[in-house]
Amino acid sequence: MTHQQPAAAYIRHGQTPFFRLPFANLTADGVAHYEGVDAVLMGVPWDGGTTYRPGARLAPWEVRRASAHVQSLHAEMPLDVFATIHAVDGGNTALTPFSAPFMRDVVEREVRAIVDAGAVPFLVGGDHSIALPSLRAVHARHGALAVVHVDAHLDESGPETWGEAFHHGTPIGHAIREGLVARGALHQVGIRATRSHPEEGSLAASHDARRYSMDELQDRGVLAVAQRIRAAVRDLPTYITFDVDGVDPAYAPGTGTPVPGGLSAREALRLIRALAGVRLVGMDVVEVCPDLDVGDATSTLAAHLLYEGLAVLASRTRL
Amino acid sequence: MTHQQPAAAYIRHGQTPFFRLPFANLTADGVAHYEGVDAVLMGVPWDGGTTYRPGARLAPWEVRRASAHVQSLHAEMPLDVFATIHAVDGGNTALTPFSAPFMRDVVEREVRAIVDAGAVPFLVGGDHSIALPSLRAVHARHGALAVVHVDAHLDESGPETWGEAFHHGTPIGHAIREGLVARGALHQVGIRATRSHPEEGSLAASHDARRYSMDELQDRGVLAVAQRIRAAVRDLPTYITFDVDGVDPAYAPGTGTPVPGGLSAREALRLIRALAGVRLVGMDVVEVCPDLDVGDATSTLAAHLLYEGLAVLASRTRL
Amino acid sequence: MTHQQPAAAYIRHGQTPFFRLPFANLTADGVAHYEGVDAVLMGVPWDGGTTYRPGARLAPWEVRRASAHVQSLHAEMPLDVFATIHAVDGGNTALTPFSAPFMRDVVEREVRAIVDAGAVPFLVGGDHSIALPSLRAVHARHGALAVVHVDAHLDESGPETWGEAFHHGTPIGHAIREGLVARGALHQVGIRATRSHPEEGSLAASHDARRYSMDELQDRGVLAVAQRIRAAVRDLPTYITFDVDGVDPAYAPGTGTPVPGGLSAREALRLIRALAGVRLVGMDVVEVCPDLDVGDATSTLAAHLLYEGLAVLASRTRL
Amino acid sequence: MTHQQPAAAYIRHGQTPFFRLPFANLTADGVAHYEGVDAVLMGVPWDGGTTYRPGARLAPWEVRRASAHVQSLHAEMPLDVFATIHAVDGGNTALTPFSAPFMRDVVEREVRAIVDAGAVPFLVGGDHSIALPSLRAVHARHGALAVVHVDAHLDESGPETWGEAFHHGTPIGHAIREGLVARGALHQVGIRATRSHPEEGSLAASHDARRYSMDELQDRGVLAVAQRIRAAVRDLPTYITFDVDGVDPAYAPGTGTPVPGGLSAREALRLIRALAGVRLVGMDVVEVCPDLDVGDATSTLAAHLLYEGLAVLASRTRL
Amino acid sequence: MTHQQPAAAYIRHGQTPFFRLPFANLTADGVAHYEGVDAVLMGVPWDGGTTYRPGARLAPWEVRRASAHVQSLHAEMPLDVFATIHAVDGGNTALTPFSAPFMRDVVEREVRAIVDAGAVPFLVGGDHSIALPSLRAVHARHGALAVVHVDAHLDESGPETWGEAFHHGTPIGHAIREGLVARGALHQVGIRATRSHPEEGSLAASHDARRYSMDELQDRGVLAVAQRIRAAVRDLPTYITFDVDGVDPAYAPGTGTPVPGGLSAREALRLIRALAGVRLVGMDVVEVCPDLDVGDATSTLAAHLLYEGLAVLASRTRL
Amino acid sequence: MTHQQPAAAYIRHGQTPFFRLPFANLTADGVAHYEGVDAVLMGVPWDGGTTYRPGARLAPWEVRRASAHVQSLHAEMPLDVFATIHAVDGGNTALTPFSAPFMRDVVEREVRAIVDAGAVPFLVGGDHSIALPSLRAVHARHGALAVVHVDAHLDESGPETWGEAFHHGTPIGHAIREGLVARGALHQVGIRATRSHPEEGSLAASHDARRYSMDELQDRGVLAVAQRIRAAVRDLPTYITFDVDGVDPAYAPGTGTPVPGGLSAREALRLIRALAGVRLVGMDVVEVCPDLDVGDATSTLAAHLLYEGLAVLASRTRL
């Protein structure tokens, strides 16, 4: 039995939880309970780490709305996602727009609550700086992680450009330096932005990261790339951090720092789908900017990317 | 004490009830309870009565989202609306897009439940054909009504153009013929659309309706018009049916049959506000089409029009 | 009996003539016949005279589409426009985008054919440079004209800025110098653009033109201004040249050189309407740029401005 | 000699027939005559079967306008389409927005008139519910059909979700049950939407339909898929029903229920093109929603899809 | 002689300085020199104080581009603005998006450099939190200021909602508490947003501020309000802080927290214009969000508001 | 050392030169100096040759703004573009919108100045008619050219359609007839528009041009096509003329005559990139129409196409 509300009930309630799922129970002071839950969808309305066009703080509401049109049964494999796993909408992290340290504390605490309950967090950003506290919390539970990083950018910048150590161009760098990522277990797809400093990328490289260039992806095909990643991560606890600007702006126009030449939506969905069987311990989809979106295209894509991640979880749960 | 959630709780919950109000309690089969409630906001996701550009079915969700930014305290009068009245979000009527008779039954039944509990319904359309069952239900409780009708169109068409007796151009005609409107108590503002049949308008005229032409409104000013209406309705139970195309498309672009030359947003808000003291028994705001909207302008205006209606109710409650 | 097609026939035919009127009969080589016709709507798809954002060449098709929703009966006066006058869609002038002299020849010839048949031309630009050949043709038939010029700009520039004597900022200057405008009979409304040369405006002034500044319009009201114009033009043959940028960009966003602070749509419509009774011999509505429009707002306004002009013609015809 | 009007004549007439073709002759009561005609383009302005975002009723006018820029000569094969076949614009079906049974009657009757005259219908929706009466009429003339169904959705839903047997998610189911589709001759491409009921798809499967999943299409390539379909349909009378949401929203944003991960425009065009030689007896392109479109992209794509269908017809005619 | 570049030179250079003015000379380390300059236009690309929709950081570039179309000669008064005063483009403050204290330091220092050179600063925000350091710097030079504050919001919030003392809803409160505003010399126009705390507004009231409600403005007219302000400020050094959300969203859609019912563009421009003769010592126009704008309407309005402010300065300089 | 300004300096200056490069020195009368310069970016604000939707005149400013986000280091190859070559922003050609012969003279003269200084011109249109004078000037310096022509259209039209020998559909035809293109050295990619005259394409064919059809490109892959071109041009002086409508409208919506089914952004970028090593002597990117663009997608793509061209130049310079 699926955990989704049927359409009529969804319309009647007038609410828009992620994927028409039940909301988690919140206590009066906003603490959630996740007993018996496999997956928690949670919004992180934060864009205080954005270097160019902001607006990702508004994504959680829009992705909720777009996700209402995703059903439980997968089109490419025999899988009834929301009957196989028990997923809930955990609400949003309670943030103000102003303090990055506070954001990091809250996100880390909320994700800890999810993983400590044995559930898998699926975060909906927000800008990419939310990934660092999420990785910290997941790492605290599961140890050094394999990370599948889809992005147009390397995200290992230092403070040299903006005088700030933590912003949306830095989470991967911090994660490596903090030991959250297992050596040789960082897989980067979609990277294609020009760089301003030659040392960008060297940190990941020195950590034996594997970067699949766009030319390589085009030449090999996305399935082969996914299979390589799948083979490499084996049974490591695996975290997917998906910046929607990894996808080409034609498919994901609603994002703040678009770079032409990225993955198609089809490739992006296939990339996640082909990871079925990995030991997924967390996922985030970040950098959706609704005010820049066109007809909900990016929010809808984000909802489908999350669905594919949930299907990865379900595919393993089912086994 | 206001009944609105504070901003932090609103963000945390990730839901978007009208005006950040509590949702009404629904039983498992979708029946709502309104004990002790003064006002119920309810969405009616219906546009099956639209003759030109459809899309109003999607308005309830967008008006909810826009209304989150309206606070309790009025800017022009000393009134703490959501502390004075107890208002709730009653969800939406549970409709399919396909059957107009079913829509009329459901809306009439839901509004009856509201008025029978002693509360005042504030409906968020949907197209204007939802007004008829709402008027029927309110009439069943309160008897013949004064109706303030803001619209670019007369809405008393017969079946001659579209071969259909009930659509969004007909509710006022039906309401008059069904005796829902007290003689001499229909007040029409904003009417300016060209007509295709000379008899359009004659039904209202024969019922001693008062139409305030746009030229008259411009010459007298909106305050004088509102004061005339206020004086005329005295203590009749009064229903406001507000088609957002009564407002000029510059202020309300998100609507299906725009006509240039309408009220400004300021005039529209003032018109409602100046009705403070009337015995308001129901209100609807209809014809918001989110897909045609520009930056939520029309949804935001609709939220403020509803707020002014709630303030009218509060202003009387307070006395 | 109205000359408009009913809605069902309009839908069936799949064509979009102006105001659902019949198309004029064209011979195989594109010559139109206007026997017994009172008014000819004609598109002029030309924007080769645009100094900033082009695109007005596409307006005739969009204004046709928007005009389908205008009915025959006026909302503010007892007038059945398309039953009172016989109006037809004369098609467009057959232009290429490249030659301004060719455009001027074609427009002048087509308008001559209209006025020579005793009909009144209503041109839908195109940029404002189409007004000059139209004025020439109307002048050839009717002599020196009263001209009601609604615009944000003076349109009497010389070649000093762009090295070109004829562009969309010049038609009024040429018309004065060519003697097409009767002395003291040029009435300019909406003018508010900053100027780069102090002599701009001096030609009109030396011709005893009357300019109603925006401050004056706001202080007196549009009705008083219209009544002054009405009184001044007496029974002179009168031509209305209406640049939609005379209207504020909030109401007419689809135009190439918008200037904030203009007329509201309501004022613009009232201005034309209040000219009822003048001897209208021609009208153009220019500078609608569909690619810059928002939800057809500007095309729809243009259609209503033309309708008010047709009503002016009908109001006199009826007498 | 092509049947298209040259550009100058098109501009002069100010009308926008499909592909600048002649309009069919309509009698005074709206009956068309198709003697000697090979193909009839017809608009079906209906969206009363839409479950989510409506608006497809407006597509016929926009696709007409977009199609004006398609010329007669094919870029990939030596084919002068509008010289090879005699195609006309048959106008639209004369519908109101309110009655689905009436729509089905009218569409079936109009398509019957086309096929009975020996011509091939090319319908421009409207939502997908128009396909059923079209298939009925074509079946009545040609018997059981091969159907190439491009869509994101299976379109064999029953009444369980919306309490309605006929809507835009049902035409294929009805067509199978009514025996309009030859066993083993339904070819489905683009299907990728998640499903809410496990039995969706089982009807087609039990009818030996062939579904080409998106993963399969990506792995084999669109040409191979098209060649399989081409080989399978042999000389069966073949009908193409093309829901533009089969295409990825990046290429077809103007549609009501977009699903990411679909065909590219290039693949969609190639799919049709590669069917050259089949015995095409009808085609529809549905679910274009102009109000959701971006710069006419979807209308333009729809026009090109129709053109490729016309080229398929011409390619066989020529032989 | 105007200081503006002629159009041809503007096109040739390919740069977009404010109003086509010369850029100020910057030393290699970014220090500007303002000898002999009357007015400095400066962008402040900061939106780190935004509580809802961010994006104002991008305004300086867009307002520059829009301002290129403003000429030197005023339409309503005989004034050649850029010949009367020597104005330059001072570039932007060099900010990162992340540190509000750093922003306040930089803005205060840059404005000090302007006022210390005897010039008047015209800042282009940026969100409203940039006004505080600007007021501090101007106050340091000129002493307690008269402030004309146009806004939908009171902007005297405390830290209660967002846990932060300095954000875009707080500058007026800080300015009063810091003694930057002379008692009785704060004039607030456009205020109409609902409030969440009853004490909002009490600080201004206790400082004898004058608030002109929207109802009052509508009843008296904007000219009368402006004349009252003009009379009240006498010869006090006067600072105009103009939040574009004081204007109705129909005229200024590109802003983050729109509230319906505000000033028209015409009223806003007239309000500034009617202050001619005051001793203007600084001005800012804030909260323009280009990504939310429609056809540059808000950027263009902002440019014209700045122009009216420059005209106020010029009108006094000329005397 | 890169020649780009760092981000902070870029923000401080408030200017938007191409790629944050220095502006070329212009003398007071607008003459530029290019000593020691390898590449000159120059805007050509001209759209007087457009047959359908105009607006490309505005592209140079928008491409400048979009290009600010491109950094110096290439993502797919070890290349520091702006450290390897000395590139400058040469401003725009100083044009009026009205005279095509004047445009051709100015562009030819400006490009001559660039090539005569030993630098390579990179023009940013403007419509495609700017390519002819550019090719003339480059030919005058380098002799008969290899031309890589990316476009949806053949661009060898004669005067038969529009009565005009020079417009945006003609530059390749003129270039061939004038002997600017070496026999067998014209390579056309992306061509897919339907044609109205069978002789279109025959001129190129008779000149032994190589056209790669979209079907061929899809079947072989873009890399193989690029390698063929690379092999064919050997060491001929090579000019790339890139009409953005060669790219599919999903990736390049901001263009006036879009045709579905084109290159993806990824293919387009790879096509240029794979030409590394050719002797590049000039490049233009044309037909970007900002008013039709979506979120700067087309301007951003144009900037990246230019960057790839600059990288081709740098890759050879470096050797």
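Letters are used for the chains, namely A, B, C, D, E and F, taken in the order the chains are written, and counting of residues starts over at 1 for each.
One rule holds in what follows: a residue touches a chain if its C-beta (ideal position, glycine included) is under 8 Å from a C-beta of that chain, and two chains touch if they have at least 3 such contacts.
Values in this document were obtained by computation on a predicted structure and should not be read as measured data.
Q: Shared touching chains for subunit B and subunit F?
A: A, C, D, E
Q: Would you identify the chain whose Cα-based centre sits farthest away from the centre of subunit E?
A: When every chain centre is compared against subunit E, the largest gap points to D.
Q: Of all the other chains, whose mean CA position lies farthest from subunit C?
A: Result for the farthest chain: A.
Q: Go ahead and align subunit C to its copy subunit E using Cα positions, then give the rotation in degrees, nearest 5.
A: When the C-alpha atoms are superposed, subunit C turns by 120 degrees onto subunit E.
Q: The A-B interface: which of C-F, E-F or C-E repeats it, judged by over half of the contact pairs being the same residue numbers?
A: E-F
Q: Please decide if copies subunit B and subunit C contact each other with the same set of residue positions, more than half shared, or with different positions, and reply same or different.
A: On the two sides of the subunit C and subunit B interface, the residue numbers are mostly different, under half being shared.
Q: Starting from the mean Cα coordinates of subunit A and subunit F, work out the distance between those two points in Å.
A: It comes to 38 Å between the two C-alpha centres.
Q: Averaged over CA atoms, how far is the centre of subunit A from the centre of subunit C? Could you give it in whole Å?
A: 55
Q: Approximately how many whole Å separate the CA-defined centres of subunit B and subunit D?
A: Chain centres of subunit B and subunit D, defined by C-alpha means, are spaced 40 Å apart.
Q: So which bits of subunit E are touching at least two other chains?
A: In subunit E, residues 96, 162, 248, 250, 264, 292, 294 touch at least two other chains, as defined above.
Q: Chain pairs that touch, all of them, please.
A: A-B, A-D, A-E, A-F, B-C, B-D, B-E, C-D, C-E, C-F, D-F, E-F
Q: Report the residues of subunit B in contact with subunit E in the complex, numbered from low to high.
A: 2, 4, 6-7, 69-76, 80, 223, 248, 250-251, 264-266, 269-270, 294-297, 300-301, 304, 307
Q: Which residues, counting only subunit E, touch subunit A once they are in their complex?
A: Answer in residue numbers: 47-51, 53-55, 57-58, 96-100, 162-164, 167, 291-292.
Q: Can you tell me which positions in subunit E touch subunit B when the two form their complex?
A: Where subunit E meets subunit B, its residues are 52, 161-162, 191-198, 200, 213-215, 218-219, 248-250, 253-254, 257-262, 264, 292, 294.
Q: Inside the complex, what are the residues of subunit A that reach subunit B?
A: 8-9, 11-17, 23, 26, 30, 43, 45, 60-61, 64-65, 89, 91-96
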